[in-house]
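Labels run A, B and C following the written order; every chain starts at residue 1.
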Amino acid sequence: MIAIIDYGLGNIKAFANVYKRLNIPHTFATTREQLEGASKIILPGVGAFDHAMSMLNNSGLRDTLDSLVLEQKIPVLGICVGMQMMANSSEEGEMSGLGWIPGTVKKFSHSDPVVKEKCPLPHMGWNNIVIEKEDSLFNDLDEEQRFYFLHSYFFECDEKENCLATADYGFQYSCVVRRDNVYGIQCHPEKSHHNGVAFLKNFATN
Amino acid sequence: MRAFQICTRCVMDTTDSKIKFDESGVCDHCRSYDKDTLPNWHTDERGRKELEKTIVKIKKDGEGRDFDCIIGMSGGADSSYLLHVAVKELGLRPLVFHVDGGWNSQIAVNNISVMIEKLGLDLYTEVINWEEMKDFQLSYFKAGLPNTDIPQDHAFVATLYNFAAKYKIKYILNGGNFSTECVRNPMEWLYYGTDMAQINDVIKKFGTIPLKTYPFSSILRHKIYLRYIVGVEVVKPLNFFPYIKAEAMKFLEQEYNWQPYPQKHFESRFTRFYEAYWLPQKFGYDTRKVQFSSLILTGQMTRDEAIEKLIQPAMSEDDARQEFEYVATKLGITTAEFKGYFDAPNKTYKDYKNNETMFVWGAKIMKLLGIERAIKR
Amino acid sequence: MLYPRIIPVLLVKDKGLVKTVKFKDPKYVGDPLNAVRIFNEKEADELSVIDIDATAQGREPDYQMIENLASECRMPLCYGGGIKTVEQAKRILSLGVEKIALSSAVLERPELISEIAEQVGRQSVVVVLDVAKKFFSTKYECYTHNGKKNSKLCPLEFAQLAGRLGAGELVINSIDNDGCMKGYDLALIREIKSLVAIPVTALGGAGSYEDIKSLIMQESIIGAAAGSLFVFKGKYKAVLISYPTKIEKSNIIAAAQQ
């Protein structure tokens, strides 16, 4: 059973729709009990970093989530701000992140005026990802791996080996990260047509 | 109850309760094909000449007009191939029109679009008001009748005739053909879609909103008034030369970037669900048997192939689950309510008012006059 | 690289889809749900659904409809129409929508942009400006209530204000070009684009892929939105949903980048 964490943020319905179409068992987790039996966890998220962190911290799920991810090594996939929360901290806020993947979340800032004009914020739309490190998450994707992005901050890994894929928005930045059982993706696979579906299927079944 | 029996030549069986078998186990569909269809079906030089005469007449009558004929286009194989033939081989100038009943598939819109573009034709579309269509379709589900596709079918036929009348077009070309349709759906499976007595009864009992814009046309109007008084003529060109469906589809793919369908009538999402799931699962009627039997009789499929295919359900379980929910949502009801209609007792056209007698006599007269070949029964 | 977005815009009226010309004469073009399904299969970049009755009739958004559309929609979805409060915005986003579009409510009270952005994040806040020039005037003004009320606000100024207050995207909808299928108002888009640092989407006027090409050629990173282009076909404006195929889309983008 895949648990989609429901702490009031993120388009949780979209994940459920994808898994429903794939006929993969899934549930929304709003309580510890619902979370405990999970074999995989999806951590969605949108909006401001601190807002998302405090929503998660106040959801009553935080301890269970920490123990599932860090002790029981249950695979978890953070999406968008859900991924950013896995860092140690963010320039967007004051609060500490989950600290599951060493790194900092930074705001895009392009000093070159030409680049700046080409890169309005938020980074909104379809962009290609470039795979830096093979992973079963990328099985069955198109040759041109196009995904939907919608964000103004990006994840900067402390350790290069945690970066699985990058995207180009003025410069190359990490858009898919992994450390052991902890995965994160900056773009929105739940709204990225067949590539996104393949990605979410890989996470669920591999 | 009658013991199960399947025809030794085609794949029609006793799920068609009125089916008759002769001593060698061949069914009446096959016999009717031999006796009524074959002798009147000429795909050789003779057919070609016959068609040529009609085409000359169509062109002559169409002189000085924007269009010389009208073709209803669903995006399916028959209508797409007909359109190609009409323009490229027969040199006609058709008004192409499409009725949007609210269930177009991506394949349907793609196919219409690519054909129109490549042939340089202009398209007309009539969009049926969805709130009315929805209520009408729901009425049929509530009525427990097998032919839930009447609201779509009827709209297609009525709009076609209305268009022909409005633009004073005398010739309707349609993709109907013996090659893929020589075996017809039994009446108990799919009752006449133009029996206004039945339609009115169903609407009166189950409809919840007035159908103000939905296009109705009674059989009397389009088969008698329009044909014999106004003089609208229906021509089925695909009957006059060899029409091999698989080859036609391949040709369309190559020539037009046309997208093939997995099964006949799948251009409408509703019809797909209805023929591949609702009809076989609720009523035990599998329209593939009719389609395959036609292909067997016309040498486009072997009986073994057909039997092999019929073992598989027309729609996978996964697909059925998703489509069931989609159709319910689209009809504005819960899946529980929809399931209720699925589980409700099955009715037949005889459970509601109908003009069956008139239709049967009409068909007999048509056959006597040589207008219709095989009788639907 | 980031690709320009090509976005079908669907207008809802009395539960059905319509298409207008200069915001008038709504023509019925079918049922929204089936349209969403077709755009799914055509893999559209994004989809916008605007309920044009909600504000004009002063009623709440139709949450049931939004939920049905959102659960069917496999691409990013933006909903607009009748949103006046933070609560409404949050409720709509919780139904499975990515972005909400604001117009009349923020023209009346611009701070609403910040209030909503703080709660849901600026990436989900779209400000739509319906703009038109009065007869014999060269000055653009923002309209509301389907083009019936003139707010007298200048779109150039308001676009900048919206960006400062936390809008994540601006949609510039030309009333004069709506439904005419003769091309975008490129000059206006250029001007607005030069004033703001957030993504801009042009709407109103696209009649062919060539028009989209011209827009992308001018702006490179832009949202190219269209209504008529994706629902009508040919000179009789036959209703038939279309969307560029993968190859057509690459061609549009490649040609524009040369």
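Miscellaneous remarks
The working rule: a residue touches a chain if its C-beta (ideal position, glycine included) is under 8 Å from a C-beta of that chain, and two chains touch if they have at least 3 such contacts.
This is a predicted model, so every value here is computed, not measured.
Closest chain to the protein centre (all Cα atoms averaged), using per-chain Cα means: C. For chain A, the chain with the farthest CA centroid is B.
Centroids of chain A and chain C (each the mean of its C-alpha atoms) stand 28 Å apart.
With centres defined as mean CA coordinates, chain B is found 49 Å away from chain A.
Chain B and chain C, compared by their mean Cα positions, are separated by 39 Å. Across the assembly, chain C contributes residues 71 that each touch 2 or more other chains. For chain A in complex with chain C, the touching residues are 11, 13-14, 17-18, 46-48, 51, 81, 116, 118-128, 146, 148-152, 168-169, 188, 191, 193-194, 197. Listed in rising order, the residues of chain C touching chain B in the complex are 14-16, 28-31, 33-34, 37-38, 41-42, 68, 71-72, 233-236, 238-242. Listing the residues of chain B that touch chain C in their complex gives 97-98, 100, 102-106, 109, 112-113, 116, 122-125, 127, 129-131, 269, 326, 329-330.
Contacts from chain C toward chain A in the complex involve residues 1-5, 40, 43, 45-46, 70-71, 74-77, 93-98, 118-124, 168-169, 196-200, 220-221, 223.
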